[in-house]
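When the chains are written out, they are named A, B, C and D in that same order, and each has its own residue count from 1.
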């Protein structure tokens, strides 16, 4: 058994960390929330460094990498609340398996693509749709591509670029795309769990840093069990989430039969871990933690939104139980 | 507003506490679990002191008291894990409103009555059925009374006297008894919440007592936040449960329209409070807390069983939501 | 046991209602749940309080000699209930009435009492409470804002935070450190500060929910005459305890809800449940039911505390349990409310611009912190109600300047 | 990343399988989940271990000079997995192999090593670990069992508790207080004690689940020759740390489940779900799904630790996270399992006498305590992994006899 990243993947993670740390100030997420700016680093920067094409085949101009390769990068993107989401890239790459020209445009950033959830005649708020110009949707069982009219709502987490879309043109890419669509959504769920992992991990670190410095009643607050144990529980969740993300990403690459259950498990667990970790970081900071100027609520907002995107925990827990009973767990 | 017990009720509580403390050693619950003895103080003692007839009309030999009067006594019964349950008395008293002769036998203990849940041809494990000789059941919408064949299972909490019953004779007491049956079950739920209140309260006190004495690393363990806050959370639950029990009992007496929602709220909350409090007392005691010889698990067993009797929390939470939406909350 | 007014309470309630009706045209009214901005509606809010004060409905339990009615806490609660029922917003000077005024009554000079109290009740002056600092939240006595004696004045430098109403306030009660060589609790002194004095700067502080209900207040060589001292130098902690005890009375409440009410969640569920798929409805009813039960448990526990008040008791540390339970309920209610929004739960507002549930969700984390964090409340309950020993402390006896706490 | 054996591991696994097959008739086999009583099956269990030891499958990572194979922790884990697969129960001497033996290796004399280690691997002698006392659980160093020098012997008095296997053990490693005048950690000394010596009394200790997996052990003027000392007098704490570090290795595990496996819950759900009403099925699937996710999260986290081992690392304090996560999962799995029983969930066993889910439910509270309470594990993780400071302590330096801790 070798349930660990490869050296290449560790290097990729380090590189991604450097890129995101350098190109995504948290102030960007706050500015976007105030209607003043767009999520950083933006589509072009992500395309230029090659992150939008990690799972696009080399023949279509991508890196031909694995979902695990992408998840490792997505964790780093999540740590700084980068946007647009690599979930969109991951999902689109699956859907465009049969459309290398579009896949190439996804990878090189020449098309601003979003994947729509819900009916194409009026979608649910969908990830990265706010600034997209080309949309993929499921329409009566067929995968369609086209343009659309975009209605962004008031954002809760502006880095997610959520908008409802009414497609105004539609071209069928794949008839009978139900299974393809489902697999793309599962892969998207894995990558979102990876982004949540990064965000939750960073939130716990922020909390630990503060708890090591802030004093109350003559001691740093991290020495109090009330604070210490809260952070530990959040950390244990993050540690376990990492295992599920790796497993689910590995399954996407190497064990398709395990993907549906593993993806659902990772997404459900990721939603709860991120919510707990980000609530914890607010609480540990006390007063300063619930100010607008502090970064804690930016992570909190991410968790509150992500937990409901691509299916909430209830949907995925139900799927886990159904799939297991149907034999997916052996 | 006067949301408090009357002086008479306080006196009754003090009297009940004295009676139960004197007549119900916790060793009785353990002995019953080991198949060696029956729940204390037993039907006769409860009848003799008048507790089985608190809500039976004076005309039928009872005390003609209120459900709140009964709940106050039931809390004390719960504190020592007394058996049989006053839930059975409360429920039977409602069902026998139209049968004063049987109500009199309930009150004076001359009939050992149990109320059956589920089909009378093979009931679910029902409270106090193990040693009962006369059964009340709902049979095709009618309230029936009769004898039955009793099948006790292996007990989880022997003080509950659970047994499945197949009625072998049936006499109709009330045709079209659906509403009566529902009201009796609601009153039973309130009284069970009161017993759970007593058990949970006692469990928290046991935990507090131990935490004030037991030392680790040079301090009593109750000074550690990990222990202190666990006990506080359990205590806050108990404190709030008391409010719901009083409200629901008051509703049973004085505001029938509020009873269904209030009873469901009290039962659901009582199940969770008792479970948390009794798990807490085990954990606070550490090793000694999960020995057979210690009393902690007797309370834990009570909570694990009660949470599922007369409807689990899910059933009652669903009822609260449905009733509220239907207008019960104004 | 009953939930009815006593005859005396009923008669007082009838009186309050008739006053509110009689003066309706002079009072500000708002829609249920509508946020009221103290700055933009300052004049209306001050007018409203003045009208009510003149009608004898403000500071009811205060002694008559200070402008009160010599009434009871229950009467005060009845006024609060009736204001809510009539949709009149919370009095602009609620901090002054609940906390600052009683502190002036207990520790002020006759001169201070006569200058301040009547004007406070009429909202001629609005008051705020200047205690918390960036470096001293739960550990209030660690505050660093200094006051140094200079002739007949004291010169104040430092920063306060989380100050409700500072942006409209005329006066504040200000806790300062006057002797850093003494142990942390012993070197404090309380003053009344003129919020319009030179050197006082107020900056609104925005919370994560987007609103700005609090302020930062900066003191830069602010001069306070010694005559505005409340209590003796070095006695500031004892004076502050008076304020904090009155805060507990103020939040001891009559079963008022922290966060959205169970009724508002119920109405929302009635509206939104039918749009969900059947299996989602099953799960949503669990969440709604759980939130309602928690909320009702907190409410009826509040009724028990209220009964204690009406029997003449004072709220004890059990009030902390009310806040803990209320906070937990608020969290469940807000979460259930957001989830009921379905697809719109991921946005900051619904399509028709309603952001009440999202705001509630973003407000809840602050409830678990402001006015005593959940952790501090658990300490209080563990120690004062359950009788468990406190944590060992080393910071109480060392001179503050020794950095015993850093 | 893969979940396959390396070629070396695969070849070792094949070897283990062939040995287990070859000796199948000499080994005890049990049904999955069947409890194995050490007392009533003692002879079979000892025989099984002897056969395995002679085949080189016991103490694999021990040095060859002490009867081991000089192998790896991964090989040891593979043996464990294959024993499970072949339904051979846990080795009777697992405490001896995992904890007592390594302690003797590290701190014993040559004479002790040669007398004990080979016999331990063959289960000629079964060993137990005598550390915890009624008054010292989480705070192990507070123990009071005394050993007093008397000529060439030490005389031991006191009581131990939570001693696994004491009722069948031949030897134990025994931590005693030999100098109460020194600080609590400094006055301890470790011995090997003959469990058949006069004055040793073993009493089974029943847990709340009804089973008796532990014992109390009483020492009444038990004489131990000085030659049975492990390490120097006063060095007992350091010796005990060796034992405890090896305990961590032993529980560092290869993703083995604490409590019932997710597969067993799945099979149970497959069996029981259809009997529930449709709305109950919705809720039951939530509970089952949640339990499975928690359980899989713990399992795959165990696989990451196992990978660390197989790369030559040692399990660090992160192993405590594995126990915390596993305990939380076990609680959810057991609870979902009980609830799936429907009406029968309120009884101690189903109509056909199966009590496995109820037993699991009653066993879980002990898991959260034994081998480190959840609270102690959180301290360890907070301090050693997150780098948060420990609680202030006053008990470390005072002489034990001063009652610093009482």
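We take it that a residue touches a chain if its C-beta (ideal position, glycine included) is under 8 Å from a C-beta of that chain, and two chains touch if they have at least 3 such contacts.
Labels paired with UniProt names: A, B, C, D = Acyl-CoA dehydrogenase.
Everything numeric in this text was worked out from a predicted model, so none of it was measured.
Student: So which one's got more C-beta contacts, A-D or B-D?
Tutor: Pair with the higher count of C-beta contacts: A-D.
Student: Using only Cα atoms to place each chain's centre, name the chain farthest from subunit A.
Tutor: B
Student: In angstrom, rounded to a whole number, how far apart do the mean CA points of subunit A and subunit B lie?
Tutor: 48
Student: With chain centres taken as the means of their Cα atoms, state the distance from subunit A to subunit C in Å.
Tutor: The separation of the two C-alpha centroids amounts to 39 Å.
Student: At least two other chains touched by the same residue of subunit D: list those residues.
Tutor: Touching at least two other chains: 279, 282-283, 286, 375, 378-379, 391-392, 394.
Student: Provide the list of subunit B residues touching at least two other chains, using ranges where the numbers run on.
Tutor: Residues 219, 224-227, 229, 314, 318 of subunit B each touch two or more of the other chains.
Student: If you look only at subunit C, which of its residues touch subunit A in the complex?
Tutor: Residues 132, 134-135, 137-139, 142, 161-162, 205-210, 279-280, 283, 338-339, 343-349, 351, 353, 355, 358, 361-362, 365-366, 368-370, 373-375, 378-379, 391, 393-396, 404-406 of subunit C touch subunit A in their complex.
Student: Where on subunit A does subunit B make contact in their complex?
Tutor: Against subunit B, subunit A makes touches at 224-226, 229.
Student: Could you pull out which subunit A residues touch subunit D in their complex?
Tutor: Contacts found on subunit A: 1-6, 68, 208, 211-212, 219-220, 222-223, 225, 227-229, 231-233, 235-236, 239-244, 246-247, 250, 254, 265, 268-269, 314, 316-322, 324-325, 329-330.
Student: What does subunit D use to touch subunit C in their complex?
Tutor: Within the complex, subunit D touches subunit C at residues 279, 282-283, 286, 392, 394.
Student: Which bits of subunit D are touching subunit A when the two form their complex?
Tutor: 1-6, 9, 254, 262-263, 266, 269-270, 273, 282, 284-286, 288-290, 292-294, 296-298, 300-301, 303-304, 306-308, 310-311, 318, 321, 324-325, 375, 378-379, 381-383, 385-392
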